[in-house]
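Please find the structures below.
In what follows, chain A forms one complex with chain B and a second complex with chain C.
Then we have the complex of A and B:
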């Protein structure tokens, strides 16, 4: 079967992304580290910079982080911090500045401890996105980030450049969304590893080269579908992954689904479709406002109520027809954890789909228990 | 020694507060439940309502809460939720509406689950209080709360009424602050139980009766000081309590300090001085903006950076001259927990004062360990 990417980075999506960042940096681009889908990458691209998603998914740096941070904190935050302390995140080492957001308690406070390492801007994110004044305040944050970049790098970011990068990101986002839509095929024609590789690639890739690559992937997937080159068995149970971002050591959960012979047909999280699921209004006359409006619609559990998540889950379940929704919660992530109460009820009762909540960290110690629970949930269909 | 309150509620500050709420309710006031110092009580008083601080500090309802909420959540949030589910919080049972804020991940998401019980308004709280637009957005939240009350109770809250309640709250806050300032006396003339009783009383008391009561307390404390009626020994080690709100079962930590013969001379938290530490600008012409400005200065760890906390700690340490600062963190409270990194460094290095971080919950199982650690920290001076 033709791989989606015809390059030297098979099985190594992060190295592919790193190559993108290194290439653009060598061509003079400033590297802006980001941890979160709320980081408005259009502003970075408009400056001629490149966004780099920083390392956050390995268990290895966590003991180092726990010398400073509470043990009872989300592994993603501890891992991020440990990577920086140990200087083992190649992306962070390349960054010229970092952008953070007030998405969650742990990350927000962790940012205070890393600002000694890099110029850092924390965007204040409203948590009630439909409240009066929320969009206007978030526009202030987007503008604050733009001004931070302008001051840090002695440059200006014009509205025209913002409009251009909005158009480019929209084009890219539409293609990524098209790729994820192949998840609806039954049997499957795309694996979760491939979805994850596409999502990872698209974060640091931009412009004609990226568009050509994504269009080529769509052609490959179309050919697979037409030639009935399936990546799963006809009988494979179908799984939608929702919840916290996943990557690195927490991919253990997705691998266990593979081991059971089931097919993951959707990744509805910030390391999956979520950052690419929407487009920004073009030619609005106020690109910062357009960006603010679009990003404030991202349905993260940090929002209250997170109405958008239920709309997206409905669309995803209708399109992908999963037999099971796995709601993956990283330990100590209070927002996604408490939100499972409503998500479970919605998925089971409103969408009539089986549901499994998994709370885990980056260690391997719960593998046996996870395997049993996932196998049991898949059998229940 | 003359007690501070000359009533039937000695040792029962919550019953005293409840009597205030019941009395005002019988006189026709709407009862507005609140969990947090960011709730702008001026708006409630301006409506002719009465704020009631809802139960959140007992271990008893936690098992009930854990049927729904994650076990690994702050005990204060679990307790609050359990009280509501079990209908055992007398304050909540009296409420006509509840106000919440997006202060922390757990509470924010818990509010989504209790809104079926009462009309509920969640105020979106900016987390970067000095960012451009933060005050304006928070003013929207204060106004949203006002409109919610007006719509829920078919009433109007005039600017004149807001100005009047600002003046009354300011007067009350100044008196409470004067009372807490007696903590500077050496030996002590006020106990932490008395400080806690004053803070609890002042939340649901207002007007001439409250002012008279607080002035009487000041007279009593002045007399104690003049007559050298001390509540601690001359040699007692002095302790300032900072960090998360305390009450009910978590007062175990404060009781352990008593057992060691030390004197708690300050309660720098939301169940202590914090809600009363500032006043709102009077006669500004825009009372909602004045309220927004004042409340946004409350130095909770949910803010980033929480600069105000360090200023307050400096003032408190200079005024109260503690030998030890105990930073009390409730389990799973990520903001206060991560902030201890900076607080410890500031207290030890900048303020030259001994520091003890205590992470605890509402159970009694860590009593032995806490006793040992507190005794050791007190001996280190």
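Then we have the complex of A and C:
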């Protein structure tokens, strides 16, 4: 079967993303580290910069982080912080500046501890997105980020450059969305490893080269579908993953699904389709407002109400027809954890689909229990 | 397992429980999770029961069964640590210098004079030591240890139980604990049914599943 990417990074999507960042940096681009899908990458690209995702998913640096941070904190925050302390995160080491958002309390306070290392801007994110003034306020945050970049790198970011960047990102986002839509094929023609690779690649790739690569992937997937080259068995149970971002050591949950012979057909998280699911209005006359509007629609559990999450789940379940929805919560992520109450009831009662909640961290200690849980949920009819 | 392989023959073998994959590797056959095994056995022996609680050595599960189909409707499990499992009793008995049987006997005599708030085995141990050194009766401490775990079981059950659920089937090694059975019945105001060999219930389920599979194939 033809791989989606014809390069040397087959099993290493992060190294592929790193190569993108390094390539652009060598060509003179400033590298802006980001911790969240709310970081408006259009502004970074408009400056001629390149975004690099700094969220880490490795258990290895956590003991280092726990020398400073509380043990009962989200593993993603501990891992990201530990890497910085150890100076072993290649992405962070390449950054010229970092953007954070007030998405989550743990991250917000962690940013205060890392600001000594890099120029850092923290965007204040309103968390009642439908309240009066929320979009206008968030526009101020986006503008603040733009001004921070302009001052830090002695440059200007014009409206025309922002419009061009919006168009480029929209084009890319539409293609990524098209790729994820292949998840609807039954039997599957795309694996979760491939979806994850596409989502990881698209974060730091932009321009004609990226568009050509994504179009080539669509052609490959179309060929697989037409030639009936399936990545799962006809009888394989189908699984949609929703919830917290996943990567690295927490991919253990997804690997366990593979071990049970089931097929993951969708990744509804910030390391999946979520950052690419929407487009920004083009030619609005106020690109910062257009960006603010689109980003405030991201359905993260930090928002209340988070009605968008349920709309997305409905669309995803209808399109992908999963037998099971796994709601993956990282330990100490209170918003996603509490939201599972509503998600479970919605998935079971309104969408009529089986549901499994998994709370985990980056360690291997719960592998045995997770295997039993996932296997039992997949045994159900 | 090598002994089993040498001494027995079978038409179909189903392994279950945490060692299921290892058993399959050595002996062949198929695997099902203990959750499916419990569901199968429960519906076979007690088709009128829709709620099952399994108190095992390393985890605790609450199951809700669809009475008309006999299929699992939903299930809940304890968090990843040993808190809220049978292991908790073992550790607590150890810190009191009692055997498991003695702990149960003490608990049945004890009253509700104190509370143990933690089911974390490490924290609970320090609570127990504090109670002991402040002169609380051993029986009351034993009772409090059971009450602490009871809270966990009730919260797990409340996630799967329906208001019209009748008797509850209690399986796993923990079901041999008479004090726990009595406290659970009082807390839920329901009849608690304990099978004769609660710790072999998963094995029954696997065997029944095997028989059902053979029958289905021969149809």
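Note that the second predicted complex is superposed on the first by the 380 of 381 C-alpha atoms of A that agree within 3 Å, B and C clash if a C-alpha of one lies under 4 Å from a C-alpha of the other, contacts with A are read in each partner's own complex, and residues count from 1 in each chain.
Operating definition for what follows: contacts are C-beta pairs under 8 Å (C-beta built on N, C-alpha and C of every residue); 3 or more make two chains touch, one makes a residue touch a chain.
Note that the structure is predicted; figures quoted are calculated from it, not measured.
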Side-by-side fit of chain B and chain C on chain A, or clash: fit
Residue contacts with chain A in the superposition, chain B compared against chain C: B
First, second, both or neither for A:212, with chain B first and chain C second: neither
Spatial angle chain C-chain A-chain B, Cα centroids [nearest 10 degrees]: 70
Touched partner set for A:365, first chain B, second chain C, both or neither: second
Which of chain B and chain C A:86 touches, first, second, both or neither: neither
Touched partner set for A:124, first chain B, second chain C, both or neither: first
Chain B versus chain C as contact partner of A:375, first or second or both or neither: second
Which superposed partner A:70 touches (first chain B, second chain C, both, neither): first
Least C-alpha distance (whole Å) that remains between chain C and chain B when both complexes are overlaid: 5
Footprint overlap on chain A, where chain B in one structure and chain C in the other make contact: 359
Contact footprint of chain A on chain C as seen in their complex: 18, 32-36, 58-59, 69, 71-72, 74-75, 77, 79-80
Contact footprint of chain C on chain A as seen in their complex: 348, 359-360, 365-366, 368-369, 372-373, 375-377, 379-381
Residues of chain B defined as touching chain A within the complex: 68-70, 72-73, 102, 104-106, 108-113, 122, 124-128, 131-134, 136-137, 140-141, 143-144, 301-302, 304-305, 331-335, 337-339, 341-342, 359
